[in-house]
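Shared chain: chain A. Partners: chain B in the first complex, chain C in the second.
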Partner chain A sequence: METKAVIHKFILDELAKGRKKNISEDEDLLGEGIIDSLGILQLVAFIEEKFNYTVPDEDVVIENFMSVNAISNYLDQKLVK
Partner chain B sequence: MKYRYLLHHGVFENAESAPSQVAIRYMREELTYQQLAEKSAQLANYLQKAGVGRGDRVGIYMNKNIYSAVAIYGILIAGAAYVPLDPFAPTERLSFVINDCGIKFIITNESKSEQLSEIIKQTQLSGLIGIQNNPEIKIPATSWEKIFTLPSSPPLLSLVEQDLAYILYTSGSTGTPKGIMHTHRSGLSFAEWAVQTYQVNSTDRISNHAPLHFDLSTFDFFASSIAGATTIIIPEGITKLPASMAKWIQDEKITIWYSVPFALIQMLERGNLESKDLSSLRWILFAGEPFPTKHLRTLMNKLPWVKFSNLYGPTETNVCTYYHVPLLPPDSDEPIPIGIACENIEDIVVDSNGNQLPEGEIGELLIRGGTVMKGYWGRPDLTEKGFCRRPVFGYCEDIFYRTGDLVQKLPDGNYKFLGRKDRQIKTRGYRVELDEVEAALLSHPTVHEAAAYPVPDVEGSNLIEAAVILVEGGNLSEDDLIKHLSGRLPNYAIPAKIIISDDFPRTSTGKINRRELQEIALTRNKS
Partner chain C sequence: MTVKLLFLNGVAIIFAVYHHAIYWAVTAIFHWNDRFVSNINSQTLLTANPTSLFLRITDEIAGVAVPIFLFVSGYFYAFSTNQKPFKQNIQTIYNRLIYLIPPYLFWSTITVFFRILEGNDYTPGKLVRVYLMGEADGPFYYVPLIIKLILLSPLLIRMLNKTPYIVLGGSFLLQFLSSIFWYFSTMNLSVPEWLSNFAFLKNGYLASHLFWFVLGMLIFIKRDGLLKVIRRYRFILVSILLFFIVLSQIEIQYLMNLSQKNWINSQASFITKLVYSLFILAVIGFIDNLKTSPNIQFIGTKSYGIYLSHILVIEICARLIYHVIPFLLGQTLFFLGILVVVGIGTPLVMMSIWNRFPIKQFYSYVWG
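== the complex of A and B ==
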């Protein structure tokens, strides 16, 4: 599965937990409460395990984590290197 | 000192004395005191014309934005009480609240249209404010643009300080939320105390981190408007991201930060505080649950110029004790006390029969004073249980609120918090009745028995875990149950884990042994 699909699936299945049936790739995950403060920790832990990449605390900011697209763009950039 | 008896007086005082001072800031938008006073009065005029009167309830249902403050003050000026609706709660729960206190009008924004079309089917709303008319939503809507064409002087109304100002709904043990009613007086008694105690003044830039349905937000708005300070609303998305949150404090030059300990612990651990300039901060206030001493000490060492204060009090009493945290010894993780009673509060400790105990003995804390709530909306039975009437001065009786919290007065006069009398817990600062979680699990027809219990986590807070036994021949997964709960409980009250088992550990009388379930969970988490 490509990065975007993996992230999308994790957020929908594990973090939204039935509260949302669909999440669009540009939807504001944080502002709309789809991911809460515990959820962001789970998401970072999931990314670190799945992609074997340590996300620096300074990178866990709104620009990189606000939507499925933002997260996958961020990861695509980091994972190439 | 001015005599204020209504919560919106501060806004009008400052609109006169410092009209161009910024009252509210959200991202790049700002409202001066004059603009806030005028726009709030315009909303009040609209509400009055729409038939909202003294004592009516008006909902606020939106992600926080620059008009959050206009909504609060506009409702108050109209003589009504504001009821903040958790923007992320399931619609069934919100419909319950709307029906429970008879809300007819809701102030909202476009992001909630989907939820509102659900809510409208389950309630009897007459109108929405803050959005354009929308064919999907079958009741009239009035936009801010229209409201801001109305007269900007406040409607003439006679209000008294005992009038209802706001209702905050919290978890109730019977399975439905209960509405805590505060008056202008009880809100002001707290806000004016806070302004004096923390010397809030017009140079302060106060963060608003808490959601409006959380009582910490009353400090952020009301203490600020009395002092003529600026309240800066943190965008919802940033509250989840510790590094963004710390940078926001730096960029917005926050002087007083107020939140639950969890937000501060997150910033301490993942906010890279060293790389930020946080020199504007002068007070960090925290409340909602205990701040683990080892984290607090580390935070205080990183920010040695900041003063720290622990504020304690159930939503029913606002804040009733406080503790200015001194330098913490490096060798002890002893929990910090909740402190001494606020100057406007009378505190006594009683045994289970209601007899007052001598100083130093463990008992339940009772509170009397102007900050105590009026009661629970529509629930005289619960109000009666929450209050007790006791003789004072030997010749009259007065109301004390039973906190349900066990405390002990230390030799230095500070109270130590020792836990709850009942099954209420705190998770990330939110108050949850475990009975409500169990009731929600039991509402699934396939669930035969349910137990919910707190599991302490490393950050000093609690996660909720639950175990269920299904009816014979029943077949359900953990996911099914979580989906069932997500329509009934707010997100923070949904168990992090639900175990489906064949039987529970029992006490000798056959009751579910929740303590043992909790110990099993703790052992599992350790290994």
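== the complex of A and C ==
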């Protein structure tokens, strides 16, 4: 499964549970209340486990975690290196 | 560090449950001692001995739970609101409150219902205080407090970006001033007139707790530089922390002797607040060396639901033990262990069951 689909599925199944049934790839995850502060922590933990990549503290910024697209773009850049 | 904050949140909720379980351990020692035979009695807690020191020190350290929650929240509200337009911040806050307030109202109502069954009366005015001030039970104060801090977060982030150390220093000063009143009341002394101008600071928890939220925000904004400094001085921080833990115990014993009180809530002491701030900084200093546990991280993800529901769970458990197996009340450590396991395990089981039925669509409105 491609990065975007994996992230999308995790957010929908685990973080948006009981909040939203569908999310678009460009939807503002924090702004729309789909995920909260603990959700961001879970998301980073999931990325680190699933992709075996440690997200540096300086990369945990809103630009990289704003939406499914933003997260997958960030990961695609980092995982290629 | 980011993932370790989830672990830290898990540790904090275990501490919170332990801290509230101690209330029942102390209740058993002081008020239920006709139900068991034990070497522990009310005099045990009044003097410095291994049992009382263990309970006091662990109670004091476990009280760091709320400061940790505030620190982690501050860190992530800085993440959410930093560099974003004000309008977008308002939308983020609105959408956050939608999932923060309903679980609080739900569990406050359940708690009030339980208290009515116990024979308590609620006037309309008292009910207003229950929901607005978080007075359904002691720990509920946290939710109105975090709501106020979330509402203040767009303003705080702007102030921190402009004058970070003035804002941090200001919030520290507020914490100091709000603590002073506690010393006067504990020692049964009247407050000097010049100080009574600041009496408004003792009301609520905003002045006394703002510092930890601001600290979390500041560490996010300045994380590159500050984390390096904290890591460099981490052993010094631990040494200062140990010194203040000892000092705070001497202070509590002194205040207990002076006031002739059986038990003092050490969280209100300024030295204890310093212990909490140093504890957080020391943990941050060693955070890369922390061995995390997936189970504790999992508990960390469920912390809000556990926090709101554990209060009734441990009360029911303590009362059941009182009626069914009272000898356990005298086995303080064992009794505490049972309350902590039940206080965390029962909400987790209830959340899991909730998710297996069609009511799962309301999960976020009940468990956060």
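Here is the rule we go by: the second predicted complex is superposed on the first by the 81 of 81 C-alpha atoms of A that agree within 3 Å, B and C clash if a C-alpha of one lies under 4 Å from a C-alpha of the other, contacts with A are read in each partner's own complex, and residues count from 1 in each chain.
Everything below uses one rule, namely that a residue touches a chain if its C-beta (ideal position, glycine included) is under 8 Å from a C-beta of that chain, and two chains touch if they have at least 3 such contacts.
All values reported here derive from a predicted model rather than from experimental measurement.
Participant: On chain A, do chain B and chain C fit together or clash when superposed?
Facilitator: clash
Participant: Counting only touches as set out at the top, which of chain B and chain C does A:G31 meet: first, second, both, neither?
Facilitator: After superposition on chain A, A:G31 lies in contact with both partners, chain B and chain C.
Participant: If we overlay the two complexes on their shared chain A, which of chain B and chain C does A:K17 touch? Say first, second, both or neither.
Facilitator: both
Participant: Have a look at where A:A45 lands relative to chain B and chain C in the superposition and call it first, second, both or neither.
Facilitator: second
Participant: If we overlay the two complexes on their shared chain A, which of chain B and chain C does A:V61 touch? Say first, second, both or neither.
Facilitator: It touches chain B and chain C both.
Participant: Output the chain A positions appearing in both contact lists, the one against chain B and the one against chain C.
Facilitator: Chain A residues touching both partners: 17-19, 28, 30-33, 36-38, 40, 57-58, 60-62.
Participant: Which of the residues in chain A end up touching chain B in this complex?
Facilitator: Residues 17-19, 28, 30-33, 35-40, 57-62, 65-66.
Participant: Which residues, counting only chain B, touch chain A once they are in their complex?
Facilitator: Its residues touching chain A are 63, 87-88, 90, 111, 235-244, 247, 262-263, 266, 270-272, 275, 428, 479, 482-483, 486, 491-492, 494, 496.
Participant: Across the complex, what residues on chain A touch chain C?
Facilitator: 17-19, 28, 30-33, 36-38, 40-42, 44-45, 48, 55, 57-58, 60-62
Participant: Within the complex, which stretch of chain C touches chain A?
Facilitator: Against chain A, the touching part of chain C is residues 1-3, 5-6, 9, 72-73, 75-77, 79-80, 82-84, 88, 91-92, 94-96, 98-99, 223-224, 227, 297, 300-301, 303-304, 355, 360-365.
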